[in-house]
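Look at the two complexes coming up: subunit A is in both, with subunit B in one and subunit C in the other.
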Partner chain A sequence: MSLTDNAPRHIPDRLRSPLQDRLVSWESLLLAVAIAIFIVNSLASPYFLNAWNLSDATFNFTEKAMIAFAMALLIISGEIDLSVAAIIALASTAMGVAMEMGAGTPVLVLVGLGTGLLCGAFNGALVTKLGLPSIVVTIGTMSLFRGISYIILGDGAFRGYPSSFSWFGQGYVFWVISVEFVIFLVLAVIFGVVLHKTNFGRMVYATGNNATGALFSGVRVDRVKMILFLLTGLMSGLAAICLTSRLGSTRPSIASGMELEVVTMVVLGGVNILGGSGSIPGVVIAAFVMGLVTFGLGLLNVPGIVMSIFIGLLLIGVIALPRLWTMWRKRAG
Partner chain B sequence: MTFQASEQSGDTAFAPVLSLDNITKTFPGVKALDGVELHLYAGEVTALIGENGAGKSTVVKTLTGIYQPDGGQIMLDGKPVHFPTPQDAADAGVTAIHQETVLFDELTVAENVFIGHAPKNRFGLIDTKAMHAKTTEILASIGAPIDAGVKLKDLGIASRHLVAIARALSVEARVVIMDEPTAALSQTEIEELYDLVDTLKAQGKAILFISHKFDEIFRIADRFTVFRDGQFVGAGKMADIKEAELVQMMVGRAVEQLFPKRHAEIGDEVLKVVGYSHPTEFEDINFTLRRGEILGFYGLVGAGRSEFMQSLIGITRPSKGVVRIDGTVQVIRSPADAIQAGIVYVPEDRGKQGAIVDMPIFQNVTLPSLHKTSRNGFIRLAEEFAMAREYTERLDLRAASLNTNVGALSGGNQQKVVIAKWLATQPRVIILDEPTKGIDIGSKAAVHDFMSELAAQGLSVIMVSSEIPEILGMSDRVIVMREGRMVVELQGDDLSPETLVRHAVGIQTKGDAA
Partner chain C sequence: MTHLKSREAILFGAILGLLLVVATRFPGFVAPENLIAVFTDTSPLIVLAMGQMAVILTRCIDLSVAANLALTGMVCAMINVAAPDLPVGVILTVALAMGAMLGAINGILVWKLSIPPIVVTLGTMTIFRGIIFLLTEGKWINAHEMSPQFTGFPRADLLGMPVLGWIAVLVSAVMLLAMARTTLGRSIYAVGGNPHAAVYTGIDVGKTQFAAFVISGMLAGLTGYLWVARYSVAYVDIAGGFELDVVAACVIGGVSIAGGAGTVVGTLLGALFLGVVKNALPVVDISPFWQLAISGAAIIIAVAFNAQSGRTKGRVILKSAEHAQ
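Up next, the complex of A and B:
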């Protein structure tokens, strides 16, 4: 029974290549859905296949997707942040206050990002230092952050942002390629690399799969979670800058309900809501799917309420289909 | 009461109320019960005695309908019975007070006592009045001054325990099983429990009393039955046996030479622990560990061994104490610090603490060593696979591929992945907590063999184990812990099954009040 007696058995690295895994993945299914929606849209409306119209359509998802990338990592780690839309409101309000005090664009950007970071730090501290469940903490801070906005603004609004500030939400880098779309692409690459190619990303997966096991394996679980809350806050601050710049004004009701659209995007992208699995490419495709659906329905003059019904059905359908498929196959086989 | 006593000392005295005859229960890879017998008599307390893993809990679960025996017969009043569900056992009058009965904080005492079988009124709704009355009656019968209407969360530990007992007695019980009932009780509470046992005896109930503590068994039991490794060893009356004989029966066999302990050069001191204490779990732990040494930690379940080890690697914070490695004081606040200091821990709970079962083998192996397989924080897959291959092949892991999830492996192979993970960090000290628990014989031998090889290569090993043969076969030195304290340190000729058990159950300190 001694180990040295028999030569060690060779264990292969993998049985299937990563490419094979990718072909049967959630992301492939989602990509097929995206292409189908694209085709249906271009058949349904003559205005769909127009470069400027398509460019406009990206604004349906760019701001949400910025947050969704960070949220994807947070949900993979087993936590969630429902206060993101409220952070946008607070960050936007803070920028408005700074603007009234005469701040220029660089300061406004710092105020927006800084407010986001502070809010993220507050959420993260409550979750990691006090051990409170993040869903409860962030439902609480959701009311808190937006409440502060309402106290400051009441029924009013901040207007009159400097013209250079409008670059973020209204500027174009090249032809129909907007600044926001470029930010979205750059963030997609950065978050994809961080999650899939770095030690930190591996620790995020380990934490979400089994936080106790990760802790026992030397992962500083609380530090990982704190960083993710900070990142989510920072991205919410960035989204606040883009959205405020695009709208040109701040009202306390800004971005209301956006947290659910962000979570929808993440889940649609194949991230397990219970943590442990998911990918950034999935979230990118999900962003396009949601953008295309909203835009296509808009072109067909479908009212907003029906649109939200459609998005809800899409989410349930895309999640339920694979489960139904395996159930049906089991019964048949 | 005299009437009841005379009734049972008559013709029924030798006819057991409940008997287990030749009961067998097999789990994959383990024969938990191998043809055991057990007899319980009305108005008498029978103590069931055995080491950890002797099969005591399996018997309780068989008696209460949680497990179905694979073979043998359960007899009630001489007639064969089956308990397909816990409810059937309860209906037959067999009830158990478990080590940790699940109670409901937000419900009242009466609701807790009658949960699942509350008396109903004519509308089919719960008859609260009757329920309270019955609860008060039961509580009075066990001398518990508790109001049936208060919520459980407002009661202290001792009262909760009485509620658990009342719940067991709320069915028309004839056989009462008490599974380590004193484990969480203070001395006065234990005395009250003894009184309660006397009351139940006087009511003519047959009692099965499971305990590790010899003083308790000699204080309260009328008869004993000893199990060892799932087999029946012996039974008799307490009056006819001495402690030493019981210990001998519990431990029994000579230790087989299953354990290939190789000679290892014992070198310089590597680890020194001084005055390690925790507010509740353990106190004043002191020891040194040398290069190439295997140090065993023996004790009963709950002696504080795992709690101490987890504190040593920074999972919980000690209240005081110093750890030195090679003479240098180490501040360990998290497992990450412990890894850096060269102390690693293979936990007992493999599925939860040891491995991340939903992740692939190679990612499990490299998790604590990611800084070695990466460049500037970026993962290098080829190096990860190389590291995982090197260490898993050394342990003769059997797996389809390194990309297979750990959860798909057998217990023994999962344990190999966990050990490979820690060896890859190149530690100075490796702590193995019940390293062979729940794994098959073949993997067991492989783990033992490997442990010995590691020591021979100069690693220092701490092995926490409740298996006496393993402790005796593998350790150079053994520390016995009881109730959070180091009781004794044994080596050489002082090491024998009897001395280990005596120290672990605390026979030698029977006289003092602690």
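Up next, the complex of A and C:
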């Protein structure tokens, strides 16, 4: 896409020390942004520093972040899944159908996760077995999955989920710590360990950096990608359970446009959209940044669509500013 | 013989087949007046798909077209409310210029800062929609606030077809010539086909991508005015999600998402295919809720088909390496 890969590599005389590296890393920059937003918010609104309000704020990002973890791995491996919000719609619809047939909470959970896995398998098969570009495949399945929801529901809705089902989206584990927030934390740790501490994680990076090279080094590239599509589908199914449980109803328009927020979160977290690099801590901080921005602006009565301007500017700004900075330094030096 | 097997011929056959199936039960659907109506209804999609094609050919993607359309359309409507007597020519110029400017913002970010196009246009998509809200505070501009000449232009009849339809014909014809006969058109193919080779032949890759974004933006701006005038209403969410239909039209028409391959005729047929499906569903009494799933399935089938026919036959030395590239 760009021609930078043709340019000679700049190799420094001495590597930077790990501490120096950590100080100027993307994650610390993001963390500084998050802290700044936190301080500005607590000064701007007297309602911000309240345990219950902050707990409510976490719902702005927990469901998206669950998907964002899997999406981060998928994007690092060089693929993308734009159908995640549509998978939520289809999984939620499937749970609604199961509920109408008298299924209890455990079955609903299985149906939600199973639908997510099936959708992920469909995407993964098209990409790995037929060798199709994932961006087009998932733009297609995005219409297909949500389309099936529309065919089943039309302009109707499913209501009346069993009361035990509401635990996922409305329950609290301890004081203000919601079930969703705990799921988010547990997943953050699991995905962090998988990506940064296991062989599989190294294979994901290798696949994204050089798929052919990885293949000749013994990485089963297609299998890695298939697993990541399945994982993204599974996480979308989980997010569907949480979101459906929180809203208490299913409409075919549920979670519409969420795929863009998930991708924004991943890119904001420092994952290279072209694949090959990124980290889970970055995505976690990005989730907090997006959640805090949305919540803070909400307290100031800023309408949702105006918040989306901030998210859009944030997305372009965090990538553009460092590049402008290097360009400016090159010109000055 | 090669012509018969080409992608365009197959797609053309599919559209004809679709029309025939509908016609066996509802002959009125293929009456000339109705076909013209279907074409006119598909015109905004055709115009946008032409711009999107240029962008995708250069290995980029423009997801902000629908938001650009909505923003430019809203600004045109607001100008019309403020100055009802302004001639349509001025409005058209404003729409083209403003659309081109919004496209140039995308282009500059891709060209000068080399930010991946999908990130840039995801961002500008939400920003453009947000700006409409800031401009209007969420208010609608309705038919009674617009002047008759403003809303009448795209619907005016010219030789049996509304002006809107003729604009789609004109844009397609200009693009057909431009892609085949101008330096920019050939550069667009060259950049997408092989960016490194393009650089060595003296083509500025970034600048060409910038130009493609400006074309796409300009056509989105033009469609913005036409859309608002045709439906006589402007609000934040007009054409919401339409960018995916536009990408779908290109993909169905055989434009390769990897850049460098795709034709104006193919894109036109891709848009028409979606347009015929959309208009035929209510006629054959299938719920319009089926449309989304059908266009999704069409995209997947089209891209699978394109990949099969476009695969280069090389010698496979490692069987399992075939898919990895």
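By definition in this document, the second predicted complex is superposed on the first by the 313 of 333 C-alpha atoms of A that agree within 3 Å, B and C clash if a C-alpha of one lies under 4 Å from a C-alpha of the other, contacts with A are read in each partner's own complex, and residues count from 1 in each chain.
By our rule, a residue touches a chain if its C-beta (ideal position, glycine included) is under 8 Å from a C-beta of that chain, and two chains touch if they have at least 3 such contacts.
Everything numeric here is computed off the predicted structure, so don't read it as measured data.
A.B. asks: A:G160 in the overlay: touching subunit B, subunit C, both, or neither? Say first, second, both or neither.
C.D. replies: Neither partner.
A.B. asks: Touch test for A:T212: subunit B only (first), subunit C only (second), both, or neither?
C.D. replies: So A:T212 meets both subunit B and subunit C here.
A.B. asks: As a test of reading the superposition: which chain, subunit B or subunit C, is in touch with more residues of subunit A?
C.D. replies: The larger set of subunit A residues in touch belongs to C.
A.B. asks: In the overlaid three-chain picture, which partner chain does A:L130 touch, first (subunit B) or second (subunit C), both, or neither?
C.D. replies: second
A.B. asks: Look at A:G104 in the shared chain and tell me whether it touches subunit B only, subunit C only, both, or neither; answer first, second, both or neither.
C.D. replies: Neither partner.
A.B. asks: By the touch definition at the top of the document, which applies to A:G147: first (subunit B), second (subunit C), both, or neither?
C.D. replies: Only subunit C is touched by A:G147; subunit B is not.
A.B. asks: One more residue to check, A:G276. First (subunit B), second (subunit C), both or neither?
C.D. replies: In the superposition, A:G276 contacts subunit B only.
A.B. asks: Just checking: does A:N199 make contact with subunit B only, subunit C only, both, or neither of them? Give me first, second, both or neither.
C.D. replies: first
A.B. asks: Across the two complexes, what residues of subunit A are contacted by subunit B and by subunit C?
C.D. replies: 1-3, 6, 212, 214-216, 220
A.B. asks: Taking the complex as given, what residues does subunit A use to touch subunit C?
C.D. replies: 1-4, 6, 126, 128-133, 135-137, 139-148, 150-151, 154-155, 211-212, 214-216, 220-222, 252, 260, 263-264, 267, 273-274, 303, 305-306, 308-309, 311-313, 315-316, 319-320, 323-324, 327
A.B. asks: Report the residues of subunit C in contact with subunit A in the complex, numbered from low to high.
C.D. replies: Going by the criterion above, the answer is residues 59, 61, 109, 113-120, 122-127, 129-131, 133-134, 138, 195-196, 199, 205, 236, 244, 247-248, 251, 257-258, 287, 289-300, 303-304, 307, 311, 318, 320-325.
A.B. asks: Which residues of subunit B touch subunit A in their complex?
C.D. replies: Residues 260, 313, 315, 334-336, 338-339, 345, 347, 352-359, 362-364, 367-368, 370-371, 374, 377-379, 385, 389, 392-404, 421, 425, 442, 445-446, 449-450, 453 of subunit B touch subunit A in their complex.
A.B. asks: Could you please specify the touching residues of subunit A with respect to subunit B in the complex?
C.D. replies: 1-3, 6, 8-15, 197-203, 205-206, 209-210, 212-220, 276-277
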